[in-house]
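Single-structure report; data block below.
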Amino acid sequence: MIEIKDLTVKYLRQDDFVLALERINIEIPAGQIYTFIGPSGCGKSTLLYVLSGIIKDYTGRVLINSQPVDPKKQRIGMIMQNYGLMPWRNVYQNVVLGTKIKDGQRRLDEYGQYILEQLGIDHLLDRYPKELSGGQQQRVAIARSFILKPDLLLMDEPFSALDAISREEMQELFLDTWKQHNVTTAFITHSVDEALYLGSKIVVLSPAPGTILEVIDNPCFKMEDMRLQDDYYDMSARIRKVLDKGR
Amino acid sequence: MIEIKDLTVKYLRQDDFVLALERINIEIPAGQIYTFIGPSGCGKSTLLYVLSGIIKDYTGRVLINSQPVDPKKQRIGMIMQNYGLMPWRNVYQNVVLGTKIKDGQRRLDEYGQYILEQLGIDHLLDRYPKELSGGQQQRVAIARSFILKPDLLLMDEPFSALDAISREEMQELFLDTWKQHNVTTAFITHSVDEALYLGSKIVVLSPAPGTILEVIDNPCFKMEDMRLQDDYYDMSARIRKVLDKGR
Amino acid sequence: MSSNGKWQGALYGFGLVIILWQAVAWLLKIPIIPTPGAVFVNIADIFANQMQVHVVSSLGRILKGIFIAIGLGVPLGFLMGYFEKLDKIFSPLVYFTYPIPKIALLPIVMLLFGLGEASKLIMIVLIVIFQIIITSRDAVKNIPAQVFRSLQSLGAGRWQMFREIIIPASLAEVLTATRLALGTAVSVLFFTETFGTEYGMGYFIMDAWMRVNYLDMYAGIVVLSFMGFCLFIVVDIAEKYYCSWR
Amino acid sequence: MSSNGKWQGALYGFGLVIILWQAVAWLLKIPIIPTPGAVFVNIADIFANQMQVHVVSSLGRILKGIFIAIGLGVPLGFLMGYFEKLDKIFSPLVYFTYPIPKIALLPIVMLLFGLGEASKLIMIVLIVIFQIIITSRDAVKNIPAQVFRSLQSLGAGRWQMFREIIIPASLAEVLTATRLALGTAVSVLFFTETFGTEYGMGYFIMDAWMRVNYLDMYAGIVVLSFMGFCLFIVVDIAEKYYCSWR
Amino acid sequence: GCSSGQNDAAPDKNEKTIRIGVMPDVESIPFIIADKNGYFAQEGVKVKIEHFKSAQDRDSALQTGELDGVVTDVLAVVFANEGGFNLKMISSNDGNIELMAGKESGIMSMQDLPGKSIGLSTNTIMEYTTDQMLAAAGLKPEDINKIAIAPLPTRMEMLQGGKIDAGILPEPLAGLAVKNGAKVLQSTDRMANKAGAIAFTQKSLKESPQEVKAVIRAYNQAVDYLDKEPLDSFSDYVIKTQGFPPVIKDSLQLPQYRKMALPDENIVADVVEWMRTKNLIKGNYEYADLVDKNILR
């Protein structure tokens, strides 16, 4: 469970500052997926930085399972917008980085092997990041966070560099693992479709400085053949309206 | 006009190599937009590297306006998948980099100002890239290539980091400028929708090593309210089928 | 880093040196290690009318030497880092000549340039230029290839590559090299100012040593370190200004 | 770079030095600059029974000195680069002590550590450690903050930060620093081997110089450069191996 | 300024400046005095005294044609000739080198030396002199432990710090060491085997004999002056220009300076012999090879 109270984040620059998030209030119950959608630059990544303990300089209160954010204690799987791979580690080493840090485990277990296969990067293990295509790099980042089996999953546009079909496969894979482990997840996306498909609630943010415009209950979540239902079009239109209104 | 004959590209590694593209044959007539779609890692970016003169080590023949590729002579606007911004230059300097190199022009003219406003980055001019969000960085890269007024536009998933609504605006902006200047464009995208909306022809690539599966004439191009037409669904289904079959 | 915190740190650092020195001086109680107190009193005594002129001449030599060494070494290093062919030829050359004890070249330098100012400058340049060449070369080599791609697609010429990428990307390392060169240049004054001149901190310290005047010698060393310290601070300020994008 | 091309380059570089040297020798025709031919003949003459022992002792000293200097300097530099507080205190200290002409400390080092090997090692360490500290510190400072983010979100401890990021990210710069340190260490043999020993290339060259035996002196210099060259090549190979990810 | 190279002989011979390299030692004092009192000008010769802190620097300057003459020693002259530089002694000089024992070494006389360490610089006049002194006391070089410490102040410091048992030092540092408690065991003053020399390049002897002769006259005048005048009247100046430790002012002992005179043939032969047995030189040098006898006439 994530509780965010009155969160305001500023980035300090030479002599001024940039207000990135303003008075954010939200709760994500344990085991739920919330998707976040909002215009470019509204502070979505910033929110994840706060949740993952990267940004510590904020006002307001952020609690994870009633405890202050502390990535040492919590098991946080984070997929960063720019993937966050270590250029000096090959794919294998990058994939096991999470478990190595958290558990001292440098070996891939069966589950890890399964994830790599599902992501289609099991034949790239000895490549360095610069020898991968953009989508391959992104899949390495996805693999790392899945294999960690985190308590909290923070995904920043995790499928942005994947082609339409892979993307759908990855969405399935994500939902599968989520169903198994029931990870509390904050999922940032730019696709209304994806937000509807994956989120039990959809959080719509305003342009910078980011504030919450609306938290929308998603009836489409876990719906079979979502895209063929009427609800989907209603919801899609509604989100677009909220987004547009926010401008 | 771009002519590609029997293009094969290999990446050399320590003791082996990776075949990225195999026997690609295609012609893009002057003034046309071709969209390229294909699974992650199939060699789309590689193709653009060849067209932009970054990769020189290939077999086959690549001609731009009947001349071998030479970025010194041709005016190539490239939007790279990872944006390709100079971290030590602020937004303004990054935006004018193209005209500075090509024309020695370090000033923004009216058109440039207009582009910046349309992209919504005119208030960020003194920021360094690391002080921008992912989508803002991408828009800076877009601005740079548009302002260059290139003869050849190479766009590698140029809108991948933008939210749904901005993305649509950018697509409009792109079509607008394309209509004005009639730039020959190779446009890589992961979205079938985008491929249909922007491309006069759609090139579908197979998984690695990339070969051309099909070059599809796009009846939807320049269609009003494309998404409401029947053709759109047919085409969409067809592309997905070609993609799927290629696996 | 607040400039306030910086100065506070400098004070701590300085204090630490003094305490260590004082401790050693008290422990050994021999004239070769005078107490810091005595040395500072001595500096106060002789700075204005004896040392100033030495400081000025040394400072001039160091600055000139560093400028020449940077002016020659950085471009050469950059070229070696960028053009692999040049590197293949010049690196072995640098690898052969860097380890030559430059003092052993003194006869040749004297032969070619006499006992005057030119020889001293050349000695400084000869000693520090290798550090500068190697650091700049390595800095350029460490720039990831993909950084060059945007400019390649723009068909940038070589000079544009240098201006837009190589220079800004390597600036921090060049400043590191400048720090090293400064430190080395200051500490080799000792050998470069021992002939043909009666001015310079190197001469002053050497002379004091020969005269077994340890108070003067240490006064000279302290002033020399302080001079070096100030030069380092200048480089730090330059870095803060030019590398603000990091 | 193919190792073949490398050797070819080395040959070119070496040839260039020889040609330059030959030209100067012919132009000036004085005993101070013997011809390369004469020097190489001399090396062939005296290497086995006169120089070898000097080479071995110097090599030992250099390697020991460099290992100690890297062992102390790199961790300190890394810590200074990573923890701003440490940097604020230690940087001024380094800035003060780097410019001190270490040779002026020779008598003190000798008094404290005797006339034996220890003093010589300490002199080498004292001279090269500053370059290593400053380069490693600057290398860590130049790592972009965002590289640390993945590990921060994993709650990595300090040691893990060092192992996963700081060490690999700075390795290339540490190797650059090693090159500088090697070059410097070889060229200061000259001062560190002037006391308490009759073995070492520094002693050999200095003695030859004093004996006005320029043939021997140049033989010593050539052997010394070659020694340095080999050490550089070792570093290059290490770099190729450890920095293959670039 | 920087004169470039050796071949810039002044066009007008009378304008030729004689450049003489000196070290911070007592041997050079007559030149300092001659300069101070204007004797060179009186004799109609331009002289520039160049000060050096190390013998290496001085010899390099000489070998590169930056100097015409030097205050040096027989060994250095032999080495120079062996190295192919035509350098000729025109006179001996007067210094004093002392072998002394450290305050706490317990060494009272030469006979206590066996097994002890002596600081010196190897293959120089210092080692030669030490060997002579040992031989005079019936000792062999192998009986003692020679420790190379080239820089004089460091050698003195090591002696005072007890890192070496004995050391060989020239004036004025010798005087200072004595003042600080070192015990003199032997000196070249007592043994009268001084190997100091004044030497000029063959080139300047040939090209400017008149000037060199004028230098000799000025030197001799300075020797007269040093003989007559009380030490106090010039010691401050000498200490300052020569860079002597100021504390030695009251203990400064100048040797009995003599007018320029040819070096002792026996000493020269002895030095050459010593160098040959140590394998330092290959050639065999006769007195006439090393000394220019004509200029003093």
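By letter and in written order, the chains are A, B, C, D and E; residue numbering begins at 1 in each of them.
Everything that follows uses one rule, which is that contacts are C-beta pairs under 8 Å (C-beta built on N, C-alpha and C of every residue); 3 or more make two chains touch, one makes a residue touch a chain.
As the structure is a prediction and not an experimental result, all values here were calculated from the model.
Peer 1: State the smallest step count from chain A to chain D, taking one step as a move to a touching chain.
Peer 2: Step count on the best path from chain A to chain D: 1.
Peer 1: For chain B and chain C, which third chains touch each of them?
Peer 2: Of all the chains present, those in contact with both chain B and chain C are A, D.
Peer 1: When I count C-beta pairs in contact, which pair ends up with more: A-C or C-E?
Peer 2: Of A-C and C-E, more C-beta pairs in contact link C-E.
Peer 1: Roughly how far is chain C from chain D, centre to centre by C-alpha average, rounded to an integer in Å?
Peer 2: Chain centres of chain C and chain D, defined by C-alpha means, are spaced 16 Å apart.
Peer 1: Let me have the rounded angstrom distance from the C-alpha centre of chain B over to the C-alpha centre of chain E, please.
Peer 2: 82
Peer 1: Quick one: chain B and chain D, Cα centre-to-centre, how many Å?
Peer 2: The mean C-alpha positions of chain B and chain D differ by 49 Å.
Peer 1: Go ahead and note the Å separation of the Cα centroids belonging to chain D and chain E.
Peer 2: Each chain's C-alpha centroid was found; their separation is 37 Å.
Peer 1: At least two other chains touched by the same residue of chain C: list those residues.
Peer 2: Residue numbers touching two or more other chains: 30, 32, 107, 111, 144, 146, 209, 244, 246.
Peer 1: Multi-chain contacts only, two chains or more: what residues does chain B have there?
Peer 2: Within chain B, the residues that touch at least two other chains are 82, 87, 130.
Peer 1: Chain E: which residues touch two or more other chains?
Peer 2: Touching at least two other chains: 6, 56, 60, 63-64, 153, 157, 161.
Peer 1: Touching pairs of chains, which are they?
Peer 2: Every pair of chains meeting the touch criterion: A-B, A-C, A-D, B-C, B-D, C-D, C-E, D-E.
Peer 1: Can you list the residues on chain B that touch chain A in the complex?
Peer 2: It comes out as residues 11, 13, 18, 37-41, 43, 45, 81-82, 127, 131-136, 138-139, 157, 160-167, 190-192, 240, 243-244, 247.
Peer 1: Taking the touch rule as given, give the residues of chain B at its contact with chain D in the complex, in rising order.
Peer 2: Touch list, chain B to chain D: 14, 87, 130.
Peer 1: Which residues of chain C touch chain A once you look at their complex with the stated criterion?
Peer 2: Interface residues on the chain C side: 144-146, 244.
Peer 1: Okay, in this complex, where on chain C does chain B touch?
Peer 2: It comes out as residues 146-147, 149-157, 160, 164-165, 168-169, 171, 244-246.
Peer 1: Okay, in this complex, where on chain B does chain C touch?
Peer 2: Per the touch definition, chain B meets chain C at residues 49, 52-54, 70-74, 76, 78, 80, 82, 84-90, 97-98, 101-102, 128, 130, 148, 154.
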